[in-house]
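Note that the chains are named A, B, C and D in the order they appear, and that numbering of residues resets to 1 at the start of each chain.
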Amino acid sequence: TNEFIVSLSCPDRPGIVHAVSGALLSVGCNITESQQFESPETHNFFMRIAVATDRDIESVREALGPVREQFGMDLKLTAAGALLRTLIMVSKEAHALNDLLFSQRAGTLPVHVPIIVSNHLDLKPLADFHGIEFVHIPVTAATKVQAEAKLLELVAEHNIELVVLARYMQILSDDLCRALNGRAINIHHSFLPSFKGAKPYHQAHARGVKLIGATAHYVTADLDEGPIIDQEVIRVSHARTAEQFVAMGRDVEGRTLTRAVGWHAERRVMLDGHRTVVFS
Amino acid sequence: TNEFIVSLSCPDRPGIVHAVSGALLSVGCNITESQQFESPETHNFFMRIAVATDRDIESVREALGPVREQFGMDLKLTAAGALLRTLIMVSKEAHALNDLLFSQRAGTLPVHVPIIVSNHLDLKPLADFHGIEFVHIPVTAATKVQAEAKLLELVAEHNIELVVLARYMQILSDDLCRALNGRAINIHHSFLPSFKGAKPYHQAHARGVKLIGATAHYVTADLDEGPIIDQEVIRVSHARTAEQFVAMGRDVEGRTLTRAVGWHAERRVMLDGHRTVVFS
Amino acid sequence: TNEFIVSLSCPDRPGIVHAVSGALLSVGCNITESQQFESPETHNFFMRIAVATDRDIESVREALGPVREQFGMDLKLTAAGALLRTLIMVSKEAHALNDLLFSQRAGTLPVHVPIIVSNHLDLKPLADFHGIEFVHIPVTAATKVQAEAKLLELVAEHNIELVVLARYMQILSDDLCRALNGRAINIHHSFLPSFKGAKPYHQAHARGVKLIGATAHYVTADLDEGPIIDQEVIRVSHARTAEQFVAMGRDVEGRTLTRAVGWHAERRVMLDGHRTVVFS
Amino acid sequence: TNEFIVSLSCPDRPGIVHAVSGALLSVGCNITESQQFESPETHNFFMRIAVATDRDIESVREALGPVREQFGMDLKLTAAGALLRTLIMVSKEAHALNDLLFSQRAGTLPVHVPIIVSNHLDLKPLADFHGIEFVHIPVTAATKVQAEAKLLELVAEHNIELVVLARYMQILSDDLCRALNGRAINIHHSFLPSFKGAKPYHQAHARGVKLIGATAHYVTADLDEGPIIDQEVIRVSHARTAEQFVAMGRDVEGRTLTRAVGWHAERRVMLDGHRTVVFS
């Protein structure tokens, strides 16, 4: 038996579910999981379906073709469990990278990471341990354009489907953001929209909040304003310093990012304007 | 436009979604929300669908008739937002009752409570404030049989669809449990299966646990073993006494029970053997 | 045996604990609970001590006098379990008021509420049920000055120690904020500093956040910027509307406010500049 | 300036705080953090104090000597930030070990791990990456006695202060449990006391619970009954299989164990009969 994931979106109108389920039935697909959402604001329809069938992926793709056309769908069909080709960008902090690589190694994060890119050399040993190529691309004001060009070359060369900024401490240019639109995920170390910009834990400490957190979001040219995929917070007390906030937050950042990447890799996240639909 | 909820379960086999969506399409139903689950252990299929249509409930029921028959479905069709007729049983503690009545009054819990039954008189003022009939049925070893008979009379007389035990401190007889099977919900003041039976907070304190909680479950003859609908815990420290556990737990009990009753009333809970499917 | 609470703050320097514990020992006080904090930013010292003794409150006060003077302490001595005289202000929404009154009635919130003030009549029945005087003070642009003067009269007349804004939908004047400085608590329906101002749940929905929440804070003239006492969040999905955020948030608002009021009443909250120390 | 941690327990009686703070003051100690607890059941008194002073550890020890004697205290004095010498035992699963080693490397877990012991070879590469000696001690029914003797030799040889069972899948003998009493911590993959024994996630799945979790506890001869240090749970739905529970639980196990080990290493955990006092 083969298992496939169908994820689709289109303008809402009657008959979508019936048409899709009919096409799937015609190639012997049993629906094992299905979630859908109709956005009351944008009137877009979103659906994710897991199916099992004896037929191959081409047969299923062919069967869905007319439906896709009829409803003007953005439709993706993938093999369940397929590993998403992912490039990870880091600077000096190891925790988010460690979380991603450990989860991928343990088999709980369906990504394949052929390459790690960093503007520093600190995390090369961790990449080596996991047997992943580590490319050092230093970034200065003078070399930023070339550095980003080099990154896009690597993305093309390795057929990268997702770029993950795992505490990468450089701001991407607008051009790069646009080039990676919808396929780059960042972790911000606050519960956005609070504490945008630099040193969010220190901002949080100064404000005296009782919860700190992290936000995984798609990268857009509008800094810290990209569509939010997931957020998590933890409780802090007055007795903790800003430095302790930083240390406590690492764990939250790592798991929030890893969860968001996993949902994206499993085709559970779709864009609805500036917001995300997450079939978790 | 009318909005309806279809909730159904049946043995799994291909074609269910297509058949159901076809029947719904034939009476102009647009699917606005849908969730489904195929149990890998029992091979049962569960589905909950919200639809909007210009047609009336009888037309929809008729359209679904052949599908129901073909797949041997247990299928319920109700108007969205319909209030479930609910009888609440209490003893002396007010918190769970207060949570239920307040939520119902605020319009966030879709139940109608025509009657409250208690083996004590303490909570009559709260029932009076909400304008709900309060029936005092004292229970002793000698009168238990009559008391339960009286309760079943009230259930029949008021067309009760759900009985909620909101910290009702009497154990129901096996016969009564069977009579109310699948339509009685209890709140137990521990995270079952830990600390069954009496004084669970004191048991928890003696064991030195760091989390205490509550469990909302369907009532079965097997005490504290009924299918679990929802659970919640809170963190406690060594500095809290068993009495403080009791006080801290009240809030958790109230909202866990209210949430479980709400899900049941919205047809989001279905039984899969000894477990529940919850389309929350 | 009498039980007392000592809460104090002063500039930090060596010997405070020894001096305080010595004074307490001299009047037979056994320390049953103690928490302290030295703020690394402000170099203020904070301490809360629970003691048991056969002596009366005047003896303890007298014993602490010299220590208070020596260290320039802001020191409060109260009987443990004393009920804080609290005035609650509301508008039309009942949930926060209901939570406060229910907790106070159940004995878990150590406040006495002699009076409820509202700019609307909607919640009078709830006040009546709890046997609490309800004063209707309508507020218009024209009458705002008199309305606030009337409020301060009531505060004085009833020896009010704390004013709680339980979803009171009028902005207090700067003068009133100053008059109530450190003894007025508000509940804001977002996890501040996100979504200040009006309709925070709608702002949160538009931004696509995955967590919504509430913040209990001291009232200051700087709107939504007062020192935070407590915050709490809950998880929301894309499938919830802004209106559902509002409904889901009520529960969080009520319990966050009630918890903050309880901590304040038990002398567990102290101001450290713009932040709070909370000995929870 | 030197910083020290004093952790102590003794039978409760008046004057302890005054005596301890006096002794500390006599050697120029400023108290920067202090927590205490008087157990109402056992009438034991527990205290943890952080101090800063120009004097050395021997001077402080000497000053505390008479107080220790007078009150019959169990008193430990350590340098703040001292690394606890810790031996980790593992079998085949990497997640808990990875969490511990990563936190220790990042400087957030104050332990020094000179040696890792395993009954399998699977995790040797991870130990090698961190530059930690890995000792393979296979265990069979026939060799169990020698294996445990070898372990105790290693504990003695390396001056081990704490043994951590990071998903070590062998049951320790009663003798070994006694030998390591109060200095061995295990992670159990359920929210004890639910689901003791083998395959707890499968037990949890079969019971249909809505929360799964992990428990870090001291090892005692009474299996899964040792004093609990910390617990944590996560929410699961009907749609998750027992295998998915296992995968989801790993993250919880790792961080619950790491947190418990950290608290122990910072002298924040003390035994109060069968329960723990945790000054977190």
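Just so we're on the same page, a contact is a pair of C-beta atoms (placed from the backbone, for glycine too) under 8 Å apart; a residue touches a chain by one contact, two chains touch by 3 or more.
In this text, all values refer to a predicted model and were calculated from it rather than measured experimentally.
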Farthest CA centroid from subunit B: chain D
One copy, subunit C, sits on the other, subunit D, after a C-alpha rotation whose size in degrees, in steps of 5, is 180
The chain pair with the larger count of contacting C-beta pairs, comparing A-B against B-C, is A-B
Rounded to the nearest Å, the gap between Cα centres of subunit B and subunit C is 36
Per the C-alpha means, the centres of subunit A and subunit C lie apart by a whole-Å value of 41
Where subunit B touches two or more other chains at once, the residues are 33, 37, 239
Per the touch rule above, subunit A residues touching subunit C in the complex are 37, 39-40, 191-195, 207-211, 213, 227-233, 237-239, 241, 272, 274-278, 280
Per the touch rule above, subunit A residues touching subunit D in the complex are 33, 94-95, 98, 102, 105-108, 125, 129, 239, 247, 250-251, 255
Given the complex, residues on subunit B that touch subunit A span 12-18, 21-22, 24-25, 28-38
